[in-house]
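After this come two complexes, each holding chain A, first together with chain B and then together with chain C.
And now, the complex of A and B:
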């Protein structure tokens, strides 16, 4: 029960309370760029969920086995090379370069696979894949996972990393679809000339971010509800 | 010692990773090979690759796809690529590009406020669309009303009401056609600017003789004199139109101009350097620029 409730907390936290786009303001480029029509925005959101899951799986693997302090693979290499076993081996400086490298090449790989074997899927969101490979929302999810792997006392498992990624992806989908709906309505409005286009889009994004601040504090309530459920 | 450990291990890890990923991607490239028309690949190389989306496609590659498969036949959508890019794509596709003249707006009315007769006092909504519904706003039912519908739609500040008639600023006009669509009397048309200054018919009145004289002191009476001296002038109802296919840089406009007693034929556009030099000695009235800090602009706030 303890694990389940913590997973639910991670999910809600990533999707609503600390929404990637509207709380941390990462992933703004597709959020503003591809939010003119609801259907393309929805496709972009699905593509982000897809990529973020792949990317966080890989980044959890790489962080757990290579990048965190005293990760097994570098320690093993160090000891085979005859180094002092007492030395702390920490490769977390490499995190950014390895995440970008791994995400970009794995997304390339997935794109080639989808193009060959799932042409219909490629038609619907294959074109978005190269555009979001090194999107900051995805890199942000990886860095969030790394943050939770650096402290040896509370190591995240792969399931927790995946739940965070899923929550973040769904949060992005919610935000960009809402934004596209609002912007479609905005086309019919009499917007002052000086605010047309990007100006009004940024104002809308800011108001949406304020609206999402309403979720702050929800985590404590959900936690209490879950613990009450668990104790019963 | 610590940094030394990190450096050696980092180098080792990165080299191993690069080799592994390179191998996997290289294998995937062959294993998942999909045949793509080589033309599309060439077009992809010719496009800037900025993925700006200005063409209306998601990125450069999807525009290249649309061009290569023939789904889109407009080569000129790429803004950042410019003319050289259009040329390169045309060469790949085997299409010849003809020289394209910029189309710019021309107002086919030049009657100033005091040259238009039979004006009435109008107190309705100050838009041309509304005034056009009212009979007797002014004598001429064809000409410019000067109530700024075209000025309001212009995104480039390129058309203004001067002396009660719309005048295009050709330094700013981009030929977007918005003013032509906004004019309820359809007196703004798009003209191919074969040189910086163009010869145009500045009247839209379709009536004849006395009827025109009674409503306007400069309007075209349909005397047909100009069409007798030049093939370029074609009568369209009771007023001439210019056949711009016959319009050449060296056309001599003097005989045509001399025939027109009503000054309905004028030059519009940006004068050439030679013309500016020819009138340099004459006294030019001082031109007062609008001061944007003190002038109330005509942006309209509604609702």
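And now, the complex of A and C:
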């Protein structure tokens, strides 16, 4: 029960309260660029969820076994090589390079696989895949996972990392789909000429961010409800 | 390469005519995230300028060796190296600021601005042009962030660089330093820049007639 409620908290936190787009401002480029039509926006959102799950799994594995302070593999190599066992072995200086490498190569492999074996899927979201490499949301998820793995009191497991990634991806999907719906309606409105395009999109995003601020405090309510459920 | 812009043209273009934020809409994520005050915004500009200039220098030096299908990967890894240096430097000498900027310093890696400059300018032109281009773009990025941060900090807290500007009677507009304020201010400033530009073009047309 304890773990389940903490997982639900992580999910709601990433998807609604601290929405990746509207609270942390990551993934703004596709949010403004690919939100002109609802179906393409939805495809982009699904592609992001797909890649974010793969990249987070890989980055959790790399962080847990190699990159965090006193990770098992470098410590073992250090001791086999005859190093002083008292020394703290910390490879976290390499994390950014490894993460961006993992993201770029996993996007490449996913694109190749999808193009070869799932032509229908490639038709629907293949065109967005290369764009995702420079989508900050993916790297941001990896960095959050790293932060929670390097802190010895948190030490997230793979399930927590995956729930965070799923929540973030679904939050992105919700935000970009809502945005595309609003922009489709905006086409019929008389927007001042200088605000057309990105200007009005940013103002709409500001109003959406205000609406999403209404979710603040929801985590406490859910926590109380869950603990009441657990004690019954 | 006769039709490529020269170093001084590149420098001038980066500041206003091709301003990275207002004209090209690049690097939006730090633009929105760290402009709740002048201090974090200027630290961010410093870190971005360092990474942009260093990566442009390195890419311009190795441009003869680049293979077309691997170039984006090489750019990203180059940028990631310099971002690690900038992040460690901030952590060592400006610890409080590096805590406040949090994940946005490593997120410089995926700032489209830096990759696009490597692709458009540094991988095609000589070292001097690449440096001038990076300096101009950094200045343009700095001006854009400063304009947004000025509006947000003065309206949101009544201060500028931590100095009181509007007096203690100012009812701080809390929304301005929260996420929605970033979107609203950037949207309105973008509209203002477009309006000003249109007006200047109209005036130029009427003057020539």
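As a convention for this text, the second predicted complex is superposed on the first by the 231 of 232 C-alpha atoms of A that agree within 3 Å, B and C clash if a C-alpha of one lies under 4 Å from a C-alpha of the other, contacts with A are read in each partner's own complex, and residues count from 1 in each chain.
Everything that follows uses one rule, which is that a contact is a pair of C-beta atoms (placed from the backbone, for glycine too) under 8 Å apart; a residue touches a chain by one contact, two chains touch by 3 or more.
Owing to the predicted nature of the structure, the values given are computational and were not obtained by experimental measurement.
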item	value
Touching partner for A:209 - first (chain B), second (chain C), both, neither	second
First, second, both or neither for A:109, with chain B first and chain C second	first
Which of chain B and chain C A:78 touches, first, second, both or neither	first
Which of chain B and chain C A:96 touches, first, second, both or neither	second
Contacts of A:38 with chain B and chain C, given as first, second, both or neither	neither
Which of chain B and chain C A:139 touches, first, second, both or neither	second
Partner chain(s) touched by A:66 [first = chain B, second = chain C, both, neither]	first
Touching partner for A:7 - first (chain B), second (chain C), both, neither	neither
Partner chain in contact with A:87 - chain B first, chain C second, else both or neither	first
On chain A, positions contacted by chain B and by chain C	93-94, 97, 101, 192-193
Residues of chain C defined as touching chain A within the complex	25, 28-29, 32-33, 72-73, 76-77, 80-81, 83-84, 87-88, 103, 106-107, 109-110, 112, 115, 175, 178-184, 186-188, 190-192, 194-195, 198
Complex contacts: residues of chain B adjacent to chain A	1-2, 5-6, 9-10, 12-14, 17-18, 21, 24-25, 28-29, 31-34, 51, 53, 58-59, 61-62, 299, 301-303
Touching residues (chain side chain A, partner chain B) in the complex	33-34, 40, 66, 73-74, 77-78, 83, 87-91, 93-94, 97-98, 101-102, 105, 108-109, 112-113, 115-117, 127-128, 130-131, 190, 192-193
Of chain A, residues touching chain C in the complex	22-29, 32, 93-94, 96-97, 100-101, 104, 133-136, 139-140, 143-144, 147, 192-195, 198-203, 205-207, 209-210, 213
